[in-house]
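Here it is: the structure, laid out below.
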Amino acid sequence: MEVGFLGLGIMGKAMSLNLLRHGFKVTVWNRTLSKCDELVQHGASIGETPAAVVKKCKYTIAILSDPPAALSVVFDKDGILEQINNEKGYIDMSTVDADTSSKISEAITSRGGRFLEAPVSGSKKPAEDGQLVILAAGNKALYDEVLPAFDVLGKKSFFLGEVGNGAKMKLVVNMTMGSMMNAFAEGIMLAGKSGLNPQNLLDVLDLGAMSNPMFKLKGPTILQKNYTPAFPLKHQQKDMRLALALGDENAVPMPVAAAANEAFKKARSLGLGDLDFSAVFETLKPIGPSSS
Amino acid sequence: MEVGFLGLGIMGKAMSLNLLRHGFKVTVWNRTLSKCDELVQHGASIGETPAAVVKKCKYTIAILSDPPAALSVVFDKDGILEQINNEKGYIDMSTVDADTSSKISEAITSRGGRFLEAPVSGSKKPAEDGQLVILAAGNKALYDEVLPAFDVLGKKSFFLGEVGNGAKMKLVVNMTMGSMMNAFAEGIMLAGKSGLNPQNLLDVLDLGAMSNPMFKLKGPTILQKNYTPAFPLKHQQKDMRLALALGDENAVPMPVAAAANEAFKKARSLGLGDLDFSAVFETLKPIGPSSS
Amino acid sequence: MEVGFLGLGIMGKAMSLNLLRHGFKVTVWNRTLSKCDELVQHGASIGETPAAVVKKCKYTIAILSDPPAALSVVFDKDGILEQINNEKGYIDMSTVDADTSSKISEAITSRGGRFLEAPVSGSKKPAEDGQLVILAAGNKALYDEVLPAFDVLGKKSFFLGEVGNGAKMKLVVNMTMGSMMNAFAEGIMLAGKSGLNPQNLLDVLDLGAMSNPMFKLKGPTILQKNYTPAFPLKHQQKDMRLALALGDENAVPMPVAAAANEAFKKARSLGLGDLDFSAVFETLKPIGPSSS
Amino acid sequence: MEVGFLGLGIMGKAMSLNLLRHGFKVTVWNRTLSKCDELVQHGASIGETPAAVVKKCKYTIAILSDPPAALSVVFDKDGILEQINNEKGYIDMSTVDADTSSKISEAITSRGGRFLEAPVSGSKKPAEDGQLVILAAGNKALYDEVLPAFDVLGKKSFFLGEVGNGAKMKLVVNMTMGSMMNAFAEGIMLAGKSGLNPQNLLDVLDLGAMSNPMFKLKGPTILQKNYTPAFPLKHQQKDMRLALALGDENAVPMPVAAAANEAFKKARSLGLGDLDFSAVFETLKPIGPSSS
């Protein structure tokens, strides 16, 4: 199977290597073309522009860093639109907002092309190991055709229906995560202030029905006050805001998520927005972080 | 090692059988003595009264159904107090409130006896499999001496310090659980109302960092509206109330737990108190459960 | 003093009559011109179009029903922009969102005109009695010049700084109102469920430091389940959402407003959005309104 | 009409003077008897002990500082119980908890006496001016008989039914107050952080439907960071806790009060418990009060 691949950042590089390793013919492009060299050593061809990649390949996958980059490869000169047509499929695996995704979808489909949004859950390590979770939405026939590629890239892929549903699913997941993190933080603080050893709480939780990788990972770092950002608090709060807005549109009351969102806002007001989202723990302390 | 064992309900029967199976000499007592027969077939001796068991055994373990039963075996005629002394240890594994535990502790220790409270996390199946988690507090020397028994009964035991800390740990754990269940319920409802398939959300969550046995167990039953009580909602709400009271004593703000508690109270007001605590999901529905 | 006046709805008619009664020369325009007749009987002149009014008058006041109407009188054919110049002042007293207000402001000022947004607090009765509260923002010199008109229209006017601040002030006020209404509703429900007579609570509140016209007005109607909309619940919820968004921009945690917002969302999910905002009381009831 | 009067603190002195001024014959007692002198100058008689007062007077009113003092005058040697009988009525106007009130009620009625609890709303100034609000509960016939005294002491009295309802009404009122104060604090903070002048918000609120004496009094002091305690924050939080507990008993969800309670707890954790309850405003600030 032959695919185009746009974007060779941390994620894109790992993913295109995986495809090559599994026998796919891959034509790569990257804004800084020199980044293509390593891929070429592993058997990739090079496309000079996004348009050139699409011209050559029936299926083109992209994973770009942000909405402007995602829009640029589509709409700019030598972009995808110049070569898209009813024999081509475009799969955007970047994490972008629903508006950006819709704009790209409309442009592709209005020229007869087929489109899938397919944001992923998982970062560098799962990308290297082919263990991503893929949240695809858009053209179902295209989804079925590129499944062999998804099977290489991820441990599981979902087809979620119309364009936008991939982004929505990420919001619901991240909202649940934000509330869970607050539940955990309050538990740790209550244990400590009640004369219990918080480490014991972590151990007890880990032995029971609530045991999960996030608690296992974040519990010890919270106790060490190590908030090196894996997922920045301000991004977590933004996702909770967007999830609450989604609930607002659909008249879904979410009192616990709303309370969690306010805790993250409190953390932002304390200047913790760039730290890891587990730093919401600091909002429960008697005194602001400056003096603790 | 020889131990007395008081209370042969679902938990006590499984636990005493485990002790017998691992070579402990066990003298059992139960309010309804006929319940002792099966244990006798497995090698247990019978004590006629709690006092008789204590008289015979250096260590006596009890697991009774509720605070009145726990108090009764200690304070009533033929109760433990009649035979307790400085050579005896009493280990109460019942789930009781801190006041009950303190009352028992004071009575035992004032007569020279040694005392451990040791409530467990886990129900019938873990009891049978020796996979309980034991939250012990009180006399440390006694804890060390009965560790061989705890090793048979549980996969892990904790010594948490002074009497009361076992009960507190359970509250902190259950509070975290109640907030997590609300986070989960809101996520499922938001998914459904936003045009996503809630089953997809369960699958995505199960593949990620939040994956945990509780979500795995309760997700499907929530989608089936099956609220057969494993842990009744009214007990969950009571534990959240007590955890919030513990936070109040120690000036710990817990806004997310407070919001979750109100959701459980809303559920109680809808008549759902006797259902499983996952029925808090119903409070998020457009119309009360009577018409849904 | 001569002023133009655009829009003769309930508010505009009462306000322009007040100006006439106090000796202002008023040139009126309304989309349905026949509505001008009554004003003419009280001494008003008629302008054929918004542009004609602006051409004739140094100051033109408008109070339109909604953002599209507010934009239309400015941007459409025969609209204000055709005659605006550096000798003219335009005062928009409509209640519109900040974006609409900014769009109008930019168009007016880019042509040299001066602009004030001036939404009002108060409805029909205060408009008739000249007892409005005017929340003006924009051009301070223009504000000072039209103060004689504001003094006739309102009991008090505020100059709040740059364009947008008038809309923001309304949001802050309405957010406070929404939280207060929830506080009140919870109090009434708690009184009733605790065996107290809710009417006694209303009387006690009315005799103390919290006594206010809103409680006095809404208390009896809540007890009668009379939710005839004075301020529709869905508009209250929208204002809370916008106020929370404003707080989000500025990293202001507002846990109580967030909880109140969720209660209003719950009410919307129960189908109460078109009723009065005091219908949030229904969310506290044991069973949904359909069966109560 | 002749009444006994026990307790001549700030409140009791003002109240007994009012009774004398309106022609009542008053027999006073105070733990420190010298405090009776001023009353004697205004025409009062002195009773040597509570029992002596009750022996002399058909109706005895008490207003003591706290529950132990309230219990002491009833149960101690020379206390009320020694002379109470079916021709006597005892009216306790102290602010005590429901348990204390019940204990006193049972003791009085079991000896044939009649009892009213009658806590008041209002402090020194309203006491002097006869403008208290009286929340009476207990024996209705006794209430009717002492109405002439209540009419002198208060601007309004309520008969609320069975003993305990007076205390409950105070909790409901104070819960509403605590939520309102949070709504107000959040509004002031949002105004300030959004570029509005908070003083303008106070002025706008004061001109509208939410205008109330509490906002009028507390708004300016909040802006001055003047938290001299009129009603200590820790007492406000305690009343919210008790009101939430009352709601818990009766399955009343109160999400806004719960969020407000957590804000007061946060304030306590910041060391603000002894300041005025309006100091909850400080919890909304970017940095803890130590560094602001």
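Order of writing sets the labels: A, B, C and D. Residues in every chain begin at 1.
As a working rule, a contact is a pair of C-beta atoms (placed from the backbone, for glycine too) under 8 Å apart; a residue touches a chain by one contact, two chains touch by 3 or more.
To keep track of the chains, here are their UniProt names: A, B, C, D = Glyoxylate/succinic semialdehyde reductase 1.
Quick caveat: nothing in here was measured; it's all calculated off a predicted structure.
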item: Magnitude of the superposing rotation for chain A and chain B (Cα, nearest 5°); value: 180
item: Pair exhibiting more inter-chain C-beta contacts, B-C or C-D; value: C-D
item: Whole-Å separation of chain centres (CA-atom averages), chain C against chain D; value: 39
item: Between chain B and chain C, centroid-to-centroid distance (C-alpha), Å; value: 56
item: Chain A, residues touching no fewer than two other chains; value: 247, 251-255, 258-259, 262-263, 269, 286
item: Complex contact set, residues of chain D against chain C; value: 121-122, 133, 135, 155-156, 158, 160-162, 165, 168-169, 172-173, 175-177, 179-180, 182-184, 186-187, 189-191, 193-197, 200-201, 203-205, 207-214, 217, 243, 246-247, 249-260, 262-263, 284, 286
item: Residue ranges of chain D in contact with chain B within the complex; value: 237, 241, 245, 247-248, 251-255, 258-259, 261-263, 265-266, 268-269, 273
item: Residues of chain D touching chain A in the complex; value: 255, 259, 269-271, 285-288, 290-291
